[in-house]
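Sending over a structure as structure tokens; questions will come in a sec.
Which chain is which? They are A, B and C, in the order written, and residues in each are numbered from 1.
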Amino acid sequence: MLKATIDADILKESIDAISALVTECRLHTDENGLSTRAVDTANVAMVSLTLKKEAFSGFESTKGEIGLDIAKLKNIFGMMGKNDLISLELPEDGHKLKVSFEGYRYSITLLDPNTIRKDPNPPNIDLPGKVVLSGNDLYNSIKAAAVVSDKIALGIDPAQQLFFMAAEGDTDHIRREFGKSEVNFLNGIEARSLFSLDYLKDMGKVMGRADEVEVSLGIDHPAKFAFYIAGGHGYVEYLLAPRIEAD
Amino acid sequence: MLKATIDADILKESIDAISALVTECRLHTDENGLSTRAVDTANVAMVSLTLKKEAFSGFESTKGEIGLDIAKLKNIFGMMGKNDLISLELPEDGHKLKVSFEGYRYSITLLDPNTIRKDPNPPNIDLPGKVVLSGNDLYNSIKAAAVVSDKIALGIDPAQQLFFMAAEGDTDHIRREFGKSEVNFLNGIEARSLFSLDYLKDMGKVMGRADEVEVSLGIDHPAKFAFYIAGGHGYVEYLLAPRIEAD
Amino acid sequence: MLKATIDADILKESIDAISALVTECRLHTDENGLSTRAVDTANVAMVSLTLKKEAFSGFESTKGEIGLDIAKLKNIFGMMGKNDLISLELPEDGHKLKVSFEGYRYSITLLDPNTIRKDPNPPNIDLPGKVVLSGNDLYNSIKAAAVVSDKIALGIDPAQQLFFMAAEGDTDHIRREFGKSEVNFLNGIEARSLFSLDYLKDMGKVMGRADEVEVSLGIDHPAKFAFYIAGGHGYVEYLLAPRIEAD
């Protein structure tokens, strides 16, 4: 059983964070809120999202699992006004989620959670290099890199106290450096890994709206991007596998 | 002979109302203004439009018939400024309409009215259920229905004093209800018919700009949508045939 | 050697003026500024551009020639903020132009100037009819002509003191006349030539931003369009060959 009311913008922000990587997910509900964890079909990136009940205007739920077709829910985002309150309702053992707002009643058939990939286990990895920067700066760097290449290197240069991104095209290259005035170094340890821009562009669109994104890096290791949503009552983590750098 | 001056916005609004259904039409002129009535090629929808001479800044005309290629006239809409005065001129027995504004002189060859479908007779039907609602609300419902289906049901529930639209997709459905605060019930008699969204989306774009649209409905009958344009000096009626509901 | 700093808007304006006709060019540099002259691949139109050192915030250069891949430089325009200062740097005998701004360092490999078409010689022609009009008016006329045709006639009617453009479609035609209130007649001598709209649309987009464009015309002769950019510190000339008017 789920009975919740949420601001349209917070709902969209949360769903967009998931839909950057997957088109369906298992949503876990309990009395404290919602959560999900999913990997993309190619096993390259993972998203985990937590939305506390405080992110909702009203929230009541039993422990349960919902198989959500994300594309369907996104279809009706355009109908929602900026400040609409969206009501979500799922009866105990129900298979249709009722989404109501401003006179509309939308009924969306849920997926059987057993047909959706099991929740992935978060890998146990150590990513010692940590920086915090504005989501907008991060997203702009990603878009800039995409101009010359389909891969991007992210790294930390502890000697020069720089966080950098670099992309190499066939003949051109581009580099963006962030010094102390733009980046907060939680742990300025040496790091550098290469990533696919395909994934980063989709994730970047979501991260671009965050005031602050914490980036965790290693050497030829995955990257972790973590940020708050829903005015601090929600939390998103992206984990992205590295690409192997050719000689 | 026609010699008229009209505000660019009123001209566009009027032509858009016709072009939602047809690409050419017979425009009837006389000393009191313009009018046209046309059905789409599939005989599913009819538009009739009247534009009184009061809708024009200046209007002089003999009784006549003009074969208008609507697409050609729309081609130059982009060149017209928001508050431009558009001058239309057709000499007696002329075959070219002169459209002038802001230094531009555009000459558009007219069609022979005999090559355009004869004016349809308005069918004699009784549509007892009547509601009046904002054009914008109506258009938003149409767009919402299009998210899950290519058909929409429009109806009146007199017991609950509701005007509703409902659309059924393969797995999802959506319903929008309008109560007394949003709809004026001229005649809250039971009604419900199914319509093709293909047509309603095009008509809806035009109706969306009207403050008020009067919707007339029956049970498995056509729908009529009527609204004023040109600050009350013009009037548009759309008639749309119903779709048969499969069992 | 080149070491220059320039406002992002001035850089974009200058490069856009060239890229309306060609995708690569030989940029000549000396202590006084930059210049280039290029013809399009079909030999129909020529652009020449001069950018004085006063157009830059800082400018230092030896005499040299740079082979510029314009498309590559334009790729990064989207990353530049409205008031960013762009730094350009090319070491003596260097083959990579460094473009830096706001933490970004972009390195673009230059082309060997010898692989780019030699600078064309400006033809020695007399175009006695001259008018000066707003770039925006000129561009709007070009767009209007494109609605009915792919050719445009530009001309001066000295008897009526008019500059005009006219376009003939299969059935429609459009004419725009500019009288004394809109056009300054430097030399109101009779002129009329026909031009391809393909070229004029691209050039028009650039000219549309100029306060004033000087148009020089003859009878069945090329047209010359000249205007200042970079707040008066840059100058662009387009020369466009006429189309032969069929009987």
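FYI, contacts are C-beta pairs under 8 Å (C-beta built on N, C-alpha and C of every residue); 3 or more make two chains touch, one makes a residue touch a chain.
Only a predicted model underlies this, so the values are computations on that prediction, with no experimental measurement involved.
Residues touching across the chain A-chain C interface largely differ between the two copies, under half of the numbers being common to both.
When the CA atoms of chain B are superposed on chain C, the rotation angle comes to 120 degrees, reported as a multiple of 5. Centre-to-centre separation between chain A and chain C, using Cα means, comes to 45 Å. Along chain A, no residue makes contact with two or more other chains.
Across the interface of their complex, chain C is touched by residues 140, 143-144, 147-148, 171-179, 182 of chain A.
Those residues of chain A lying in contact with chain B across their complex are 72, 75-76, 78-79, 103-109.
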